[in-house]
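Shared between the two complexes below is chain A, which pairs with chain B and chain C, respectively.
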Partner chain A sequence: MFGVRSATVRFGHTLALDDVTVEVPGGSVVAVVGGDGAGKSTLLRALVGEVPLDGGTVEAPPKQRLGYLPASAGSWAALTVRQNIDFVAGIYGLAGEELTARRAELLDRASLTPAAGRLAARLSGGMRRKLGFIMAIVHRPALLILDEPSTGVDPVSRIDLWRLVSEAAASGAAVLMSTTYLDEAERAAQLVVLDSGRILVHGSYDQVRAGFAGVVTQTDEPVRAEWAWRRGRAQHEYWPGADPPPGTTVVAPDLEDIVIALSLVRRNEVLS
Partner chain B sequence: MIVKEFRELVRDRRTLGMLVVMPLLLLVIFGYAANFYVSSLKTAVVGPQASQVAKMLPSLFDVTVTEPSGTQADAETLLQDNKVDVAFVTGQTPALALVNGSNLFAAQSAVAALNKVGNKVKTQVLYNPGLKTSWVMIPAIIGLILTFIGTIITSLGMVREREAGTLEQLAVMPIKPSQVILGKIAPYFLVASVDMIIVTVLAIVLFGVPFNGNPFAFALGAGIFLFVVLGLGVFISTISQTAGQAIQTAFFFLLPQILLSGMIFPLEAMAAGVRWIGYLLPLTYFIMISRGIMLRGEPIAALWLPFLVLTVMAVVIFTGATLRFRRDLAPGRPASPARKQPAAAETVGTA
Partner chain C sequence: MTAVQMRAKHVTRRFGAFTAVNDVSMQVQPGEVVGLLGANGAGKTTLIRMLLGLIAVTSGSVELLGGPPDRERRRRLGYVPQGLGLYGDLTVRENLSFSARAYGAAEPVLPPALTAHADVLVRELPLGVQRQVAFLAALAHSPEVLVLDEPTSGVDVLASAALWDTIRTQAEHGAGVLVTTHYMQEAQQCDRLLLMSNGQLVAQGSEADIVGSTTAVAVHTSDWAQAFAALNAAGAPVMLEGRAIRVANASPAKLQEVLNAAGIEATVQPVPATIEERMLVLARAANAS
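Let's look at the complex of A and B:
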């Protein structure tokens, strides 16, 4: 089992991770969600060894068995798709027929075969992320860390990417990915919701929903603006523990509602 | 808009520093260093009447060596080793004045002064008989090209990796920081070496610049100098986050080297308060080596001082810069007790 235990990371006076424990079992996808500055990238970078811990422990495989797709491009712009893959594969010791076969297989699965000779700089955003993903898994890592692999990617490429992620997990890799897309996170085996460096809630989507206390209502005119947020044309309002006023419409909260509601609870705790 | 611009400017310390430091630097350089006229020439007088001639010479000739038993060959050795700008050989009529043409402006001052003397002295310019500017500039330009590639191009190549986020990716791969550094630097080292050879050959072919010394000694000097400037390039990359910052910082390193290394303005013509800066710059020592070997055919033993200074600079700067770069590549302290591998090795299929 890979992961972090009681991980604490400070950047100056800022507590980026506060006693965070996350386990990433082999063969499953764990999604880390949270707003900007929640600590998602710090958690991932701590796992790959890019950020030293101020407290706690990291359990990770050696670099040879680690795959990482950073939030940035993740590929060398002046190299072609094929050259990018070959360069990274070479570092992991893949060569000859094994490399040729592996490259062809991954390019095919990512629908990038026609672009194999194209410079990475000339790829679309989605294609570039898929190339980065291929480079992260070319050596069949035991632990795969993906930092917002689908941010800024078109919906079709997002589907492709998610398929690749699922296939990696299905073949045994432990996958930890951060995402800002909650619909993506719902598909993960485990969810970790971070807020200001602390875990708000974690577990499977069903567990998170089942453990969610309180009621979410839908309204045009929220009773307490500080507990409301916009969803489409309507507003949702959270009633932690208390019953909503009569006549309001109660809705079944989805992950977005749950994350926002828990974040509001946290913010009110901090303010009080 | 104006307030916004000022706010941005105040937060951009590097540009602010450039705006404040650059005018001061240019003022100091052009005020104290920009001087082509050499007012004091290191002079040797050899031969039987050495003592008498030394006393008769005008104040322009600063006699540092008086050797009555010395010969013309001794005088030529002093010039070849760049210990003097002018050497008078007495005991013959007219007396012979040998001028070190590799120190162009000193030589021009000497020739102008000696022409006023008339027939009493026969003047002979060694190492650059035509007193051609190209002959003294090109050995220095070779150093400038190496500096340009070593600092600007190398730092840009390194920073581009950081900007693209691929440096972070390399850091988590099973590749040693030393391999990353070597892989990043080796191409620039090779390109700079090829550039150096091309420029040197073109200098000889197009401008007739002589190559009187040992090419291997020259290559050794250029190689050591390359390590210094590549080290500077790596250092600049460690203190820059963007390509713009790297160029800005490299400019800070490049400008004093162009103006204060003796490439354009002779060091001996600079005010003492500015000249010492020149002696801190690596290009100053490369120019001593390149002019010494190319023009004067100096043996490596006579150039021990610039070779030693450049070697010390190479070791200090290159080691310091690569250690800084290495720290950027491995910030997570992988040997830390906080980082463990699971007891049972995980096995996976074909992801």
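Let's look at the complex of A and C:
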């Protein structure tokens, strides 16, 4: 199985990954969630072989069986959509009729056929991410690594991208993607929440919900400000061990509540 | 304090033959957080630029803080663009004094969470902290109305909660807040939502009002990979949701037909659509017309 075991990465004095273990089984999507600086890109780049580990091990296929969409560009601005695909396909030895068929298939799936002759520089953000995705998957990789494929992408293209990602998994690829959006993580078979280089929680959404201990209440006046956060006009408050005071409204926590509550546990531990 | 902080009445804007905004009426009142949703090209940015007086209306009228959106009224507005508008080569304190002087306001007092970063260059700070600084800069002159463009995108959940706390505090003090976004998590923090598509305001109210009667279809089967392949080959907008399959913009009966033809046993059931799926349906309808 692909993944990293007890991976640790240091950049100077910063611990970018701290004892992180993630498995990426074939035929499923694993989503890595976290904000800016959580360690998502470092984890992905460690799997691609772009970042050496200071500790732990990486299990990844050889380059020719690996597909990678980096967080930036992922395509050449001065080439057309078709030229971008052909260039990458050439690196993997795809040519002739096989390339023509594969290119047509991928362009069609990504709804990019009408834009095949357009310069990548002149694509919308969503179209450019879809092109990057096609280039990452043109050689049918066994492990597909996608760094924030949907960031800055409009909602309609985002649905297109999810369909393409799902399709890759349904045809057997192991997919590891990062995202800053929790609703995307909910959709993945497995989610991994990273916070300052450490795993805050992982598992399927159902497992994460089932494993969450404590109670979340909804209130206008939180009792302990350091355990409360905003949700719309009201605030939510986390009671990790003790029961909440009588008369408070208990809510069923969603993924956002769970991730905030666990982040607060870590932060309040650090402070105390 | 005026009764309505931003108002558009039957506003239309054309660029040549193209109608970017088509007969839109909306308003933002003091103390409310209104989310403006729409796919790229739906007309959100054009509407906001008219509300702020940055471009003229073709027909209809706009009002900012009780009058035309002129320079004087724009001074009473706080705006945080997606790019944040900070200087990366200046420290937090330098950025704040610069923007305070531009607005003729007193320099804001740094909250405890930012004091440690006061003399750090903005470009060296995490995105969540940068966003807090941008908010502080935009709020120094006590604006009566706030316009925020995807205010929490890219930051972790705690930083996002802190930003929403700042936004809510402004609203509680009477500011009207207009948030443009296409993210569910941000939409769910708003009091009221407006959905634009193809230049028109097509729905407003709660999340449920926005989704309306649009449904998606959930397909449950033990053979998800086969089912996925069959539905995908039939051209349905399919995606995985855990080990289940979700299809936007499709009829359950048609999907059942496809699955039956492929010999796959599955349950097919309509479920409420997400806001994104609603936008997909609207975009497909607009393309078809």
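Everything below uses one rule, namely that the second predicted complex is superposed on the first by the 272 of 272 C-alpha atoms of A that agree within 3 Å, B and C clash if a C-alpha of one lies under 4 Å from a C-alpha of the other, contacts with A are read in each partner's own complex, and residues count from 1 in each chain.
Here is the rule we use: a contact is a pair of C-beta atoms (placed from the backbone, for glycine too) under 8 Å apart; a residue touches a chain by one contact, two chains touch by 3 or more.
Since this is a predicted model, take the numbers as computed values, not measurements.
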Just to be sure I read the superposition right, which of the two partners does A:1 touch: chain B = first, chain C = second, or both, or neither?
first
State whether A:249 touches chain B only (first), chain C only (second), both chains, or neither.
neither
Between chain B (first) and chain C (second), which, if any, makes contact with A:91: first, second, both or neither?
first
After lining up the shared chain so the two structures overlap, which partner does A:183 touch, if you call chain B first and chain C second: first, second, both or neither?
second
Which holds for A:207: it touches chain B only (first), chain C only (second), both, or neither?
neither
Is A:233 touching anything from chain B or chain C once the two structures are fitted on A? First, second, both or neither.
second
In the overlaid three-chain picture, which partner chain does A:100 touch, first (chain B) or second (chain C), both, or neither?
neither
Check whether A:52 is in contact with chain B, with chain C, with both or with neither, and answer first, second, both or neither.
first
Regarding the shared-chain residue A:71, is it in contact with chain B (first), chain C (second), both, or neither?
first
Using the superposition described at the top, list the residues of chain A that contact chain B and also contact chain C.
167, 169, 171-172
How about chain B: which of its residues touch chain A in the complex?
164-166, 168-169, 171-175, 330-334, 336, 338-342, 345-351
Can you name the residues of chain A that touch chain B in the complex?
1-2, 26, 45-46, 48-53, 55-66, 68, 70-77, 88, 91-92, 135, 137, 140-144, 167-169, 171-174
Give the list of chain A residues in touch with chain C in this complex.
27, 29, 34-38, 124-126, 151, 154-156, 158-160, 162-163, 165-167, 169-172, 180-183, 186-189, 195, 204-206, 229-233, 256, 259-260, 263-264, 267
Seen from chain C, its contact residues with chain A in the complex are 39-40, 126-128, 153-161, 164-165, 168, 182-185, 188-191, 224-225, 228-229, 232, 237-243, 246, 248, 274-277, 279-280, 283
